[in-house]
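What follows is a pair of complexes built around subunit A, which joins subunit B in one and subunit C in the other.
Let's look at the complex of A and B:
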């Protein structure tokens, strides 16, 4: 994986203190959201635990000995949730899915892959999709299981796939 | 009530699909097991090397024995995996075959249906009727074209036309030699009696009738 290119703000100390001016704050939050999303994409992060956020490299830069305080992290995460790039797993807001690509987009990608490999009308296991050797060159390789399920559900809604779940057999049939 | 238009989704997952999924899940498990075992083998090998360097030959031997055992197990799982893959292939192919048979059945059914609609007796009667209709058509056209020239008339017209053309050509040609110059040619005499014509006959009959009436 390519080394993640930190944006210039990351080495800019005031960036780690949320500004009180509304306009400045808005641009700052924009930058923070963009940073978290691109960082998550580059490192293939799909879940964020609020308790761990303070130790995530994205929220602190030891090189300039700056870190985003916990309450500011909460503001950034809330902003991400508002934009649909973060989805809380439950109401307690302890954990969330970092969706740097929407489930519908993932679903489309998976469906395109299924189409190009002639898997329509065929059964696939979830393991096969995210871990199989056939998908090693696909972006959804190693995708988080929960995000995968969300993506497949969007396909199911549009009638392109049907999820199968019985016993401990989990799979999907592409239609 | 009230759900008249709610869509009832019919699952497209068949029992065969479930069987395939189960087989594929098993296949994935075996793959996972293989990956784990391979990682373990690698670890054991480096560990054994280390133990040998440290002079713990017995433990190294034990470890190698374990490694050997795992390797054999791996070979066995390879065979199982092959079996499962084959089974999946067979099942998937059987599903396709089933579809083929189904569509052949539908095709046969509709062909039969069409053949039923077209019986030979029907075809014969239709041909007969067509023949009759054609006959009738000929009669009608014959009746309608009664006043029109027949073929014989046409040839008569042609003859007349030819005669006219010949006449016109003759007028342009020089005069033919006269009988006086060729005394040996004997021409027939002009008949003295006039041929009886019909109008005369009619007149005679009329005269007769007039006499009787007076």
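Let's look at the complex of A and C:
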């Protein structure tokens, strides 16, 4: 995996202060959302715990000794949620899935992979999909289990897959 | 009236008669009493009132008199003295009235002599001889006089000292009077406010002529009625003149200061220029507020934060902004600009520098960086680099 390329804003001190001018703030939040998503993607972060956000490297830059204050982080996360890139696991908004791709997009990717490796009408375990050797070069390798389930459910709804439960293990049959 | 007490007309030791008057009627507050047509004697300690036919007198100790007012007479009324009195001591002997709701009495002078009596009374009260009467005997005061008659440098110095002491006393007495006057003025203002409120409430019943007349009365008394102040407020003629004077006196200084001057500095400068006829901050503010209306070369501007400044009417906001941005751009890479930095670089007051930065932020030209190092500003790279 390549070293993550921080955007120029990351070393621009005002980036870590939520701007009061509405237009500027909007541009700033755009930049923040883009940064969090690309960073999450690069580091394969799929779940965000609000209590731990302040220790995440994305929200602080020790090089210029700036960190985004907690309430501003909340604003950024809310903005992400509004744009559909973050899905809260519960109503208390303590944890959320960071969706740098929507579940439907993931589903499509997995289905395309299944097609290209002629796994249609076969059953795969979920472990196989995210951890198996065959998917090592795929983007969804190491995908969070919960996000994977969401993705597969979207396939199920469109009739392209069928989820199965083997007791202690889950599998999917691509149709 | 309860301050009077029964006594006989004989004088105590050290007491001496200053003046007297005839045909005096006593009033309890503003109410006439039956004590009429009496003989009033003023001593250096007391006032004694006695009716011709009676043997006992009424006494009033001078130490109780707080303030003397004179009431001019008319066709049907005699001239009067109004004496405001303090509370009588508990040890006072019985008088004709046990207690009275009024703290002032009046003396009506049927046969005139009111002013002369007032002067004598004022003098007697001023000298406060009743204080020394118990301790010093006339002989001793004679000795004092003898000593002060010494000549030579010591004598002159003593004379100067005595004179200084007297002046001091006079001054403090004058201020005492002033205090009383202020107390009364407060009541007066209250009264006028009440009346003007009444006028406003019943504005249907009272013609506008009456209102105008009443106001002119108040103004002639020198009492500025708050209502009229609101009505005329900043629009009054005085402030117009003041605004013109300010514009004339300060135009050049404001231009030299870069077209903007804080109101506090305006206040200091104009008062310095005037020397003695000092202006109140309120008057300066009012004058500044009417500048715009008068189309003067200077106008007042209030920033969103409430900071008020005087600026030249031709001030180019764009140029100001450009100057601010120039500084910001120069420091884009080395930690931004704080209000203090800008103040130093542009020679501005700190308050004004801060306003400029906030204004730049408002126009999306600058962005803020709040950290432990304080509030600093950078050029808005969010827009220019994106």
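Here is the rule we go by: the second predicted complex is superposed on the first by the 174 of 175 C-alpha atoms of A that agree within 3 Å, B and C clash if a C-alpha of one lies under 4 Å from a C-alpha of the other, contacts with A are read in each partner's own complex, and residues count from 1 in each chain.
The rule is short, and it goes like this: a contact is a pair of C-beta atoms (placed from the backbone, for glycine too) under 8 Å apart; a residue touches a chain by one contact, two chains touch by 3 or more.
Since the model is a prediction, treat every value here as computed from it, not as a measurement.
When both complexes are overlaid on subunit A, subunit B and subunit C end up sitting side by side without clashing.
Of the two partner chains placed by superposition, only subunit B is touched by A:125; subunit C is not.
Look at A:65: by the touch rule set out above, it reaches subunit C but stays clear of subunit B. After overlaying the two complexes on the shared chain, residue contacts for A:142 are found with neither subunit B nor subunit C.
In the superposition on chain A, A:21 contacts subunit C only, with no contact to subunit B.
In the superposition on chain A, A:175 contacts subunit B only, with no contact to subunit C. Once chain A of one complex is fitted onto chain A of the other, the partner contacts of A:51 are absent, as it touches neither subunit B nor subunit C.
Think of it this way: put the two complexes on top of each other by chain A, and the tightest Cα contact between subunit B and subunit C is 46 Å.
Across the two superposed structures, the residue set of subunit A contacted by subunit B and also by subunit C is empty. Put simply, subunit B touches subunit A in their complex at residues 11-13, 17-18, 20-22, 24-25, 27-28, 31-32, 92. Only residues 8-9, 12-14, 16-17, 19-21, 23-24, 27-28, 31, 65-66 of subunit A touch subunit C when the two sit together in their complex.
Those residues of subunit C whose C-beta lies close enough to touch subunit A in the complex are 335-336, 361-362, 364, 367-372, 376-378, 380-383, 385-386.
Residues 122-125, 127-128, 131-132, 162, 164, 166-171, 173, 175 of subunit A touch subunit B in their complex.
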